[in-house]
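What follows is a single structure, and I will ask about it in a moment.
The chains carry the letters A, B, C and D, assigned in the order they are written, with residues numbered from 1 in each.
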Amino acid sequence: MTGAAFSPAGDENCAVYLPYTRKTQFFETDAMGIIHHSNYIRWFEEGRVEFMQRMGFDYARAHDLGIDLAVTGIECQYRAMTRFGETVIVWTRIKEFSPARMTVGYRVTDSVTNELRALGESGHCYISAKTGRPVSLKKALPELYALFLSKKAEMDARQ
Amino acid sequence: MTGAAFSPAGDENCAVYLPYTRKTQFFETDAMGIIHHSNYIRWFEEGRVEFMQRMGFDYARAHDLGIDLAVTGIECQYRAMTRFGETVIVWTRIKEFSPARMTVGYRVTDSVTNELRALGESGHCYISAKTGRPVSLKKALPELYALFLSKKAEMDARQ
Amino acid sequence: MTGAAFSPAGDENCAVYLPYTRKTQFFETDAMGIIHHSNYIRWFEEGRVEFMQRMGFDYARAHDLGIDLAVTGIECQYRAMTRFGETVIVWTRIKEFSPARMTVGYRVTDSVTNELRALGESGHCYISAKTGRPVSLKKALPELYALFLSKKAEMDARQ
Amino acid sequence: MTGAAFSPAGDENCAVYLPYTRKTQFFETDAMGIIHHSNYIRWFEEGRVEFMQRMGFDYARAHDLGIDLAVTGIECQYRAMTRFGETVIVWTRIKEFSPARMTVGYRVTDSVTNELRALGESGHCYISAKTGRPVSLKKALPELYALFLSKKAEMDARQ
């Protein structure tokens, strides 16, 4: 429950992450007076969605084209509590990427103090809405596949 | 995304878990037509709450006495999709337990087919509502500490 | 914020409602230490879903057959706060019903004290998943239409 | 389910509302492929919170000072469906205001087409965290009371 400062000089290079700023909401609090832990999982999704939007291929567009990023795994370590009224930054990066799978990494920090609130990871495969089965993104949506690949390379190069 | 049958003869002995049956709800679905992955994290909490109730010490009672089970980490692996109209069983067990920390394990199965939908884990410490800081459960709520200890021993013995 | 007892002798005959019992959950609380008001809207949906299930036609079945009950309006008056650990009863009834529209009424009471916590209403039309447009339930799903009609008559007769 | 354009020349003067722009999220969708109706109730809260922030008195500050805006009633009429990928504007105004009560009005429009998606209202009283009972805002937080009063007058004058 103790937070460690998040900085470019820290254990992870923040330049490899894309920041997404987000106010906390009252309906996200719980009776402990803090943001309920389940909301971070939703913030991760907001981070992914923002990542794709800035990359130039909206998640909504992929969904409308019949391809969804199904979640195969979620992990979150909570380092410090977040309270209503605070604004967080969700830092998102692609950790691993292949035609069949993707791993996305997240760091949540306080926008004012830079305190690390949580870090996490989500695993994904690509699902065809038509068949409900996993597909190769390279074959199903080559444009999106190429974008992810080049975006990952570009961000990794900053390391 | 392929599900494996969950049975006493499987890789984990279901006798060490406490079952909690729960209908899925329409508001838990997403545009993929399945239950959104973030809800499983909430089902885990429902499983913990049910576990404590059957153990004889409601989570609400601990909360009213000023002690909360803060979440320090969450992990979930999704094995098969769950759809609206299905009923799931959340199987809950205490994996690790000490005066300062607790790890709870979960398996989510379909109530009809026994298909394994997800498995996960949550890490906890005990927080005093008064100070907002972690406390020893053994000192803060000795009755609850003793109950967790004996319940864990009782369920582990079934292995 | 003051609650009035809910009883058959009260201003509304409880025999015209179908009861659905439901534990409150910790993730439904907010920083005021009570159940967040938005959850009652979801409880209303749970009540509708339960109503249809007991009537013999699951909402999930209607959804799978391509007909959804779109919500055209929601109203909720909060009479008393609900706390984590309490169990509520959602009482559901059909107030108005036609081939094109339906109004469902709700009362939420505490399962122990019978205190009235909230009362509300939801308006619905029937949407075809295929066209995304409103349809006549009488034409689209005559079996469900007939069931609603007879269930409403049966419950109204208890008044 | 048909939407009407929202404009200053419409049935309501948009100058009396404060706009708050907000992207829809994937986790807010349901199996109908649209934003689940319960989320609008949460968007209304986001609108209120934004309103207070721009007014110069954060809701979080009121909460920390022991005063919450309890919700006594909610009403929402859904005029057109909202889909993932769309951005909405929540227009918020104070409709009625007294030391004991407040009514807030909302209009939700699409940020691109201006189509009216929903309109609603929430009723509030002021609750002391200490006693859990309604209080006079004029006495409990005179600074906030004065701000609401002058903000309402300022916005009403634009009519």
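By definition in this document, a residue touches a chain if its C-beta (ideal position, glycine included) is under 8 Å from a C-beta of that chain, and two chains touch if they have at least 3 such contacts.
Keep in mind it's a predicted model, so treat the numbers as computed, not measured.
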| item | value |
| --- | --- |
| Chain whose average C-alpha position is farthest from subunit D's own | B |
| Same-site or different-site touching of subunit B by its copy subunit C, using the half cut | same |
| Euclidean distance of C-alpha centroids - subunit A vs subunit C, Å | 36 |
| Separation of mean Cα positions, subunit C and subunit B [Å, integer] | 29 |
| Whole-Å gap separating subunit C and subunit D, where each centre is the average of the chain's CA atoms | 25 |
| Sites on subunit B at which at least two other chains make contact | 26-27, 31, 38, 42, 45, 63, 84 |
| Residues of subunit D touching subunit A in the complex | 23, 25-27, 42, 45-46, 49, 58-61, 63-64, 83-85 |
| For the subunit A and subunit B complex, residues of the former touching the latter | 1, 31-32, 37-38, 41-42, 45, 63, 68, 70-78, 81, 125, 127, 129, 132-134 |
| List of subunit C residues in touch with subunit A within their complex | 26-27, 29-31, 33-34, 36, 38, 84 |
